[in-house]
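Presented below are the structures under discussion, each in the form of structure tokens.
One chain, chain A, appears in both complexes that follow, with chain B as partner in the first and chain C in the second.
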Partner chain A sequence: MSHQLPAIIFLLPLFAAISMPVVCLKNRHWSHPISVGTLVVMVLVSIINLYNVIHHGEIRYVFSGWSVPLGIEWVADGLASVILVLLSALALLGVVFSRTTSPKALGGRIVHYYTLVLLLISALTGIAFARDLFNLFVFLEVAAISSYALIGVAGGRALFAAFRYLVLGTLGASLYLLGVSYLYAVSGTLNMSDLAERLPLLLHSKALVGGLLFMFIGLGIKMALVPFHAWMPEAYTYAPDSVSPILASLVTKVALLAWIRIMYWVLNATIIINEIPILVMVAVLGALAAVIGATLALAQREIKMMFAYGGISHIGIILIGISQGNQTGFAGGVFYLLNDAVMQAALFFLAGVAYCQFGVRTVDDLGRIGKQAPWLIGFLVVVALGMIGLPPTGGFFGKWYIILGALEAGNYVSVAAVVVSTLLTLAYFVRLFEAIFRRGTTPMEVQVVEIPVSSKLTLGITSAAIIILGLFSAPIIQLLLDQAMPPRL
Partner chain B sequence: MIRPHDSIIVQTLGRFLIPVVQIFGLYVLFFGQYGPGGGFVGGVILGTGMILSVLIFGHDASRSQIAKKILHGDGVGMLIYAGVGGLCMIGGGEFLNYANLEIPGLETASRRSLGIVLTQIGVAVDVAVTAVSIVFSLSAEEIIEDSING
Partner chain C sequence: MVEAFVAVFQRPNFLTFVIIFLWGFYIMVTRFNLVKKLIGMYLMQTSVIFFLVSISAKKGATIPVLLSTTEPVKAVNYANPLPHVLTLTAIVVGVATLGVGLALCAAIYRKYGSLDEQDILEKLK
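The block that comes next holds the complex of A and B.
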């Protein structure tokens, strides 16, 4: 039974998604409990899968029983399994959170809303497992199309943001597909491990270089890497408050996982193509993203916009970590990816509660919350500690290992970029807290606002997770070092 | 809102043509095992037949009822597809490995053949539903809203 685990994890949300329109035809209120139930089972199966992978090694799964170069291969290795636990847990929290924050205007379309959320989650599962370049493209597209629809659901400015995302996202997907077809033309295979064997003999080919470039640019658009990030802040800001946590914490991170897969599992990342060392290039891109993203975050007035730019800068930090070419940096990068997903989810939960319960959208309005909901500020402090990277949060240990990896590689520009980005993060959170605790703001009449239990629960769990990831960073890093390393690192 | 076409020629031709189109769609769907054809093409043709009846006889005609009903079946095709795959997994094989489709009294070759036909039917249903719903949402948005809201 255990060899079926990858497919089971993927099929759970898929089955729920496609049977949702039929099952909830008469009673639309079933859609929420069904989604929550499915995701609870998915979390459990993901944990079983992780346990199984740790103790019995990775699971190779080939669809419809075709042998490997022909069939579509999925591999549940350490990296994918760890990410899957995180993904399913955050998706569950996101869906629990959306009980009270999903747009009221949806009406009967709430069923389709949950269908899209579950479809998005199953597509992200597919991206994490896929070891076939074209299969990866299919799931990238399924994930992207569900997110376009989810962002546009709110109407108004969200429609414009969703359209912009649609145009840029489709461009990214097309470039990726173009790259895949170049690689297929050169090598005659789409399977990642098969390709990895054939590529070293083909490095002289210009089509290969072009194809790889197209693929990385396409994935760069998908994961909002800095020169291609234009779609991301607006899309996540104007998306309904109930979906932006799922989108912000998962979609870009899983696209980044696809980038890591291609960089290390297909391409031997330490090679030099046409005198261009890939690792150095990615490290520079990461450094740019880390600094520019944080600088832009400092300049934002809207809270969600600020957090979205913060996410862009963290993508850069993760890229710096994985591009050091040593195990310490890679483990640190992946650990930071886990932390960043949790922190982004927590930040957007906070922004959602701030808007839905207190009507706060901009930084200047934040002063209103201070008196009314001290515990909300408490959660914000915890998340801010994580974002800035102070012990004992996971953010600190992630950055710590990334810097250790960069020092090991003698890459001082990367170290400087991480430090500068940390200082800028500190600066924009200081700006946030300055707005909250500023004296002389006209105190609004204190009204008792009932915070839904689901919001408190999600905020509490994510804040606790930020601390717990920090406290247990040593075993998690050890797990990543043992189980999740690329083949040639 | 699509009103009935007022030309008698179109109406009469439609009455003959639509069943032919539907049968041809089914033929293409099932012939896909042996030659050109299959779920996607068959589904497009089936969907075209329903669209044709909506365009000719109007949105409210009794002949268009099936097209309106089928809109609820967004997920049914996928469900058939994934269900066949799931049955294969229950039979002990990989997802969509038709050889493990547990049907007593069938050889492996017939199981594979049956499995492919079933999944292609699923594909056809989904493609047909999608084609019809595109036409409906282009022609009259509020009808879709109504039919979804029940």
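The block that comes next holds the complex of A and C.
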């Protein structure tokens, strides 16, 4: 039974998504309990899967009995299993959160919303498991198409942002597919481990360099790496408040996971192709993203826009971590990825509550809620500590291990980039708190609104998770070092 | 220089692919009309599909169905079937993307009364 777990995890949200429009045709209010139930089961199954992988080793799942180089292979290894627990848990929180905001904000399209979210989750599961380059492309596209539709689901200004995302995202997907066909033309295989065996003999090939370049540019567009990030802030800012936490915390991170897979599982990342050292290149890209993203965040007036740019800078920090070429840096990068997903979810939950309950969209208006909702400010302080990276939170330990890895590799530019990005993050959160605690702001005239329990619950859980990830960072890092390392690191 | 040109013209399929891809990209970047942008995007996707099909072609090969079950299989005699399968999937993905794109266009037109990017950007301000 346990060897079927990857397929079960994938099929749960997929079947729920497919049956949703039929089941909820007459009874729209059923869609919420069905999605919550599905995702609760999915969280449990992913935890069982993680336990199973830790104790019995990775599961290699081959579809319909075709053996490996010919058939499509899924592997549930340590990295994928850890990411899946995170993915399903955050998706569950996002769906629970959407209870309060959705009927008003989604323009009545509740069934569409839940169907698309479940479809998105199943596609992201597929990306985490896939060990076949073309299979990865298909799931990247399913995830992307559901995100375009999710962003535009409520109409309004988000439509135009979703259209831009669609055009750029499709450009990225076409480039990725082009890269895959180059690699297939050179090597004659699509399976990642098979390709990894054949590549060392093909290093002189120009088609290999071109194909890898196209693939990395395509994935860079999908994960909002800095020169290609233009679609991301608008799309996440204007998306409905119940959509942006799920997108911001999961989609770009899972695309980053695909990048990590290709960098370490297909390529041996330490090799130098045609005098291009891949690790140095990725470290430079990461440093640029970390600094530029945080600088742009400092210049924003809208809260969600600021948080979206913060997410861009964190993608850069994760890339710095995984590009150090040693185990400490890699574990730190993956640990920071987990933290960043939780923090982005918490930030966009906060932004959603601030808009839905208090009507606040910009940083300057934040002062109006300071007195009204001290608990909201409390959650914001915890998330801010995590984003800046101060000790009791997971963000600190993630950055700590990334810097340790960079020092181990003697890569001082990376250390400087992480420190500069941290200072800039500190700067924009200081700006946020300055707006909240500024004196002389007129108190809000709106009557006190009752905050729904589900909002408090999701905010509480994500804030607690940020601190728990920090307190238990040592065992988690040890787990990543034992289970989630690439084969040749 | 001459050798490079000769090499390019010996592979007209690659040349065609590059021309269609860049043409689509050019339309996507320069046109303000959203539907034209989608047309450019679809051209670009189609060019990649064309590339995939063209790398699987062989001179003198036939469709990948075994001619005889008794003789040993010679791979030279058959076209490579795998890129065609990938192509089918890529076409489906492209159609789905185009469908979502057109739906977004229709919604944008209903809301802003225009499909011109500059008009819409002005109305957004």
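FYI, the second predicted complex is superposed on the first by the 481 of 489 C-alpha atoms of A that agree within 3 Å, B and C clash if a C-alpha of one lies under 4 Å from a C-alpha of the other, contacts with A are read in each partner's own complex, and residues count from 1 in each chain.
One rule holds in what follows: a contact is a pair of C-beta atoms (placed from the backbone, for glycine too) under 8 Å apart; a residue touches a chain by one contact, two chains touch by 3 or more.
It should be emphasised that the depicted structure is a prediction, and the values quoted were computed from it without experimental measurement.
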| item | value |
| --- | --- |
| Which superposed partner A:Pro21 touches (first chain B, second chain C, both, neither) | first |
| Partner chain in contact with A:Ile436 - chain B first, chain C second, else both or neither | neither |
| Touched partner set for A:Ser174, first chain B, second chain C, both or neither | second |
| Which of chain B and chain C A:Tyr61 touches, first, second, both or neither | first |
| Partner chain in contact with A:Ala427 - chain B first, chain C second, else both or neither | neither |
| Touching partner for A:Leu481 - first (chain B), second (chain C), both, neither | neither |
| First, second, both or neither for A:Phe163, with chain B first and chain C second | second |
| Touching partner for A:Ile451 - first (chain B), second (chain C), both, neither | neither |
| Contacting residues of chain A [partner chain C, same complex] | 134, 137-138, 141-142, 144-145, 148-149, 152, 155-157, 159-160, 162-163, 166-167, 170-171, 173-174, 177-178, 181, 184-185, 190 |
| Of chain B, residues touching chain A in the complex | 72-76, 78-79, 82, 85-86, 89, 93-99, 145, 148-150 |
| Interface residues, chain C side, partner chain A - complex | 25, 28, 34, 37-38, 41, 44-45, 48, 51-52, 55, 82-83, 86, 89-90, 93, 96-97, 100-101, 103-105, 107-108, 111, 120, 124 |
| Residue numbers on chain A that touch chain B, as the complex places them | 4, 7-8, 11, 14-15, 17-22, 25-26, 61-65, 107-109, 112, 115 |
